[in-house]
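Order of writing sets the labels: A, B, C and D. Residues in every chain begin at 1.
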């Protein structure tokens, strides 16, 4: 990318787990900065690329179509200058100096943005942020990009699994992403008409699940879908049976929650049950329209923050509008499904997993 | 569906063009009414079914999964009792009496809801509404269901068409739905990175389009996508060349706008151009997650209006919340892309079609 | 379905695991039998439905579109009259008599067809078969329906997972169906450009896999996909490390093969690796065009065998033509990837997993 | 790509309309040539690139994944040295000399391969071919790549359109590719359960179509799909009403066949009918598994022909095996749906369009 002698120079990085929309956010930053003929300095693999001063070459002819692509063209990592701040914070500052950066846009989750916030507050570095978490559990913003794409993917896979559930008269237990918040599971489960939904926010007794399934079966239903979050909390006689524990079979499991629930259902009800873990299929591939437009806007807003030299802030969605908040808000309270949300769906979806 | 002697009896119909989410809205009405053990009386093919007292049998075992399905299980039509009110309004009232209806939920667009509003206002019939238009051009609600599914479909098809555009170094002119409003075209075009977007809200001179494409080509770009709304308004030397006119080839065309633009581009620039009309592929098939959840909520809200005997109103989304408004608002001003929207995207998307 | 007094009466069942195309095969049987106005007697859940004389109601208005749907409308099970032949074989014969069956079409895998073959050979029952195994490991037929749909699904999921692999510079280990034969893994792996493919037919030393990945990485490749069959055979110093064994972490695992390979790669190469199990997502949902047409033809052929009273036979694809073979051939040798196949791909795909 | 002093140098080009699998064929050529460390010289835009000596840069790190991508990375055109042979044939020969080509692989349809054949026969140039036509109408090979992907796409779109057809009780007339052969229409129509299929190979009276639809409607069917090939031949009182003619409305139409059929059905039966043209959506986007593997094999076979110096030949699929035939066979008789094929489906699909 050509540059005049006085062009503004803006670094950019993506950190943490990938989410559909990262490339759209990069695209939004780039497009807005085109207006002022700024030069983009694209760091590789999150903060690691800034620490080690490694950059990526971006072909300007392909920047326009970046909005359509999954993953992140910059690469990502969970590297963080505050793991070894004595060594790495100076290296970050050296990179800023060497690259003559006027600003840096950090796109990432809690870890990435926390580092951005400290670098701004403690070191005075000109940093702005774009929040990212596929789990949608960030209180600073109404939604995070990638979330609705993940919901659509999980829903579509549940839709598809119905043919096997129906043919074999089975319960399919579908494990969705969400260690601490049930957003993806709840939205995908409601959208796909899951018969039971289990989320971290509302511990549920196994007996409630069994009872719900027995009732359904008594009405002539021969198959069912149980949507469970990775981090759902399940009780047996008041004792937490979370997937973080070893289960009765003595193993910690990848896909622990779904497998555990499926085995218990089959054992208790004599209703054949199978577990499937959707895993990375929820986060890989191209973003949906909602997330593309949303991430473009968040990226463009971050670029505007840079142009206005409003450092220490990040773009966010509040009440349907793109606005900005302090970077420190990214690391506040985790946003979980509210009792209101759970109750709203409980009362007409009859979802016992969401009931008290 | 079994019924006690005193069960509330609620009619339901869907009218107008189909939109993904109609079945989810029906499902939402049904689920909420289950709480009070109301009886659903499902009329066939919109107001036509009420006029002629034709009902559909719904299997309660399949109502739960209705949320996942495209189209409308009730069937739809544009029949309207006010075409021949002297004959048909009494027939509607007779059906209400014969079926002992305590209420009726009308799901539909402007025509369907206008009839509902008059039947309530002039005849005192206990009617509530759920607004529906895939074009998203209803000012009474932030969004309408089906819209985001249509955007996702159009975007995905544009993504796919890129391989042919690239291989043949062509301009693909993609005609999207939207006779009076450019919502689908604008959202799908932005999400798919369309190089030019043409909408009804902003008349554009053909020369501007040519100039934009020439500039792109000069940077080395060999293919491009032009997203055009059915009803886009194109000027040639200040004269409107809309697709409603005969073009210079003497024919009125289905797919007129796209075809006309493609021919002009190819002729003026010597850049091979092809038109494709996405048509019904934008509105058919299962809804996306956003529309399923949204339509469920609108349907449930309408059922609650029935339970609260708040007739003459319809459910709506306002500032992100599901609420209710007067039925008369359904037939107010058409909501089009705002100058603000167009300007926002103009300034970082460089979309000349959206510029003044 | 109406019937004349002398109409031929033909039972039909589907047994074993579901595969995309079962409904198309049913549709093919039905369509052909329409020509002779035969009556279809659809048994529920495989041989179980014949033993217990349980039938399914099929709506003739929906038979036509059955070709498009995944799963089996008849339901399936692994019930078999030869589990308790003293009790159940007479019950099968009683059902034949009570239902006045002129023939029965059994659609299923090895277990289902073996029972069909014995009932024909030992009891003289008028049975024909349609072979089904999603694993494509039946030597009696060139391909089995469902296989190509499963390959397409697995390939599409691998394509999608590339964005996450690329963004995180990871190895994705993708576990495909195939306990005894590597067909799905090999076809999907080749089609998706997997860098390593591991199948049951060719035991491979872990060191070979590591070496292959090291070589790739040395050329600058930062991510890779390893496609592994459930039943792949992996050696460590000549000792079989199959997924049927407990691994070094002391657990037997669902998704054992993929998880084991991922852990070993990450440990040996320091290259971050993740496993994903595609599982039921490969077999659920609607069939692709190839399998729809193929299953229709196999079903129609089976109906013709019935009409020609050529019992004890089943339809099959041989050298691209639909023909028929003895039912006993269904239970012969398992068809696995041939050395020729493996060598063909080895020599130009450089797939070490397929090399000696 | 590095090269030793004596490395074999092999040109490659793709010509004609794009088809899913072109990149896979390029990938197959490249992979096989890797074995002998040959140098690939990739010409841009078919014969045009050879005439003007324009080449494309291919990044070896991305060649492996080329198998997954739609379109052609080389670009394509219908340029042909025999349009102006006096000028262009010498230019082709000059490029061969300047680039020191030991061979050239021409991937393309009738036009591309005919030029290859003449250049080999008349000029002695070392050329081999890979046949390509999405229409599957090449008699030299059992199938052509891209065809099954197009069938799957058309089928999936028809499946999707059913929800709109059902909701509005309409006939959807779906126009598929195929000017001279009905392969795509017939396969997609059979796979999607189309109620009527109209192909070029079998002229049909409109009255037959009307009669078929009336019969269906009399059985209670309220919607239907009519699959028509672009080049279908429709008669009215024995007079051909092809889409190449002006219709009664005075216009020649893109999408002429489908539109014409829809209007006539609606007029004659009073059954609402809509036409949709699938167009480029059938040929764009990534290939399916079948076509990827098939095109890889054809490409690899062509590379082997080069290595064995068997010029003047092209790879082909014959009776399920990849083999080679003379280039001159590419330009023989067009392969159309056989009467046998039509009869086979006629007799159990009751497809009148395919009946005599």
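We take it that a contact is a pair of C-beta atoms (placed from the backbone, for glycine too) under 8 Å apart; a residue touches a chain by one contact, two chains touch by 3 or more.
In this text the structure is predicted, and so the values were computed from the model without any measurement.
Novice: What whole-number Å value describes the gap between the mean CA coordinates of subunit C and subunit D?
Specialist: It comes to 30 Å between the two C-alpha centres.
Novice: Any idea how many Å lie between the Cα centroids of subunit A and subunit B?
Specialist: 30
Novice: Compute the distance, rounded to whole Å, between the mean C-alpha positions of subunit B and subunit C.
Specialist: For subunit B versus subunit C, the centre distance works out to 42 Å.
Novice: Please work out the Cα centroid separation of subunit A and subunit C, and write it as a whole number of Å.
Specialist: 35
Novice: Of all the residues in subunit A, which ones touch at least 2 other chains?
Specialist: As it turns out, subunit A has residues touching two or more other chains at 159, 162, 286.
Novice: Just say which it is for the chain contacts: an open line, a closed ring, a star, complete, or other.
Specialist: Looks like a ring, each chain touching just two neighbours.
Novice: By the document's touch rule, what are all the touching chain pairs in this structure?
Specialist: Applying the touch rule to all chain pairs gives A-B, A-C, B-D, C-D.
Novice: Could you pull out which subunit D residues touch subunit B in their complex?
Specialist: Going by the criterion above, the answer is residues 14, 17-18, 22, 45, 69-72, 75-77, 157, 159-164, 166-169, 172, 222, 250-255, 259, 274-277, 279-281, 283-286.
Novice: Subunit A touches which residues of subunit B in the complex?
Specialist: Contacts found on subunit B: 27-28, 31-32, 34-35, 61, 64-68, 142, 148, 151-152, 155, 159, 162, 187-188, 190-193, 195, 219-221, 286, 288-290, 292-293, 296, 300, 303, 319-320, 347-350.
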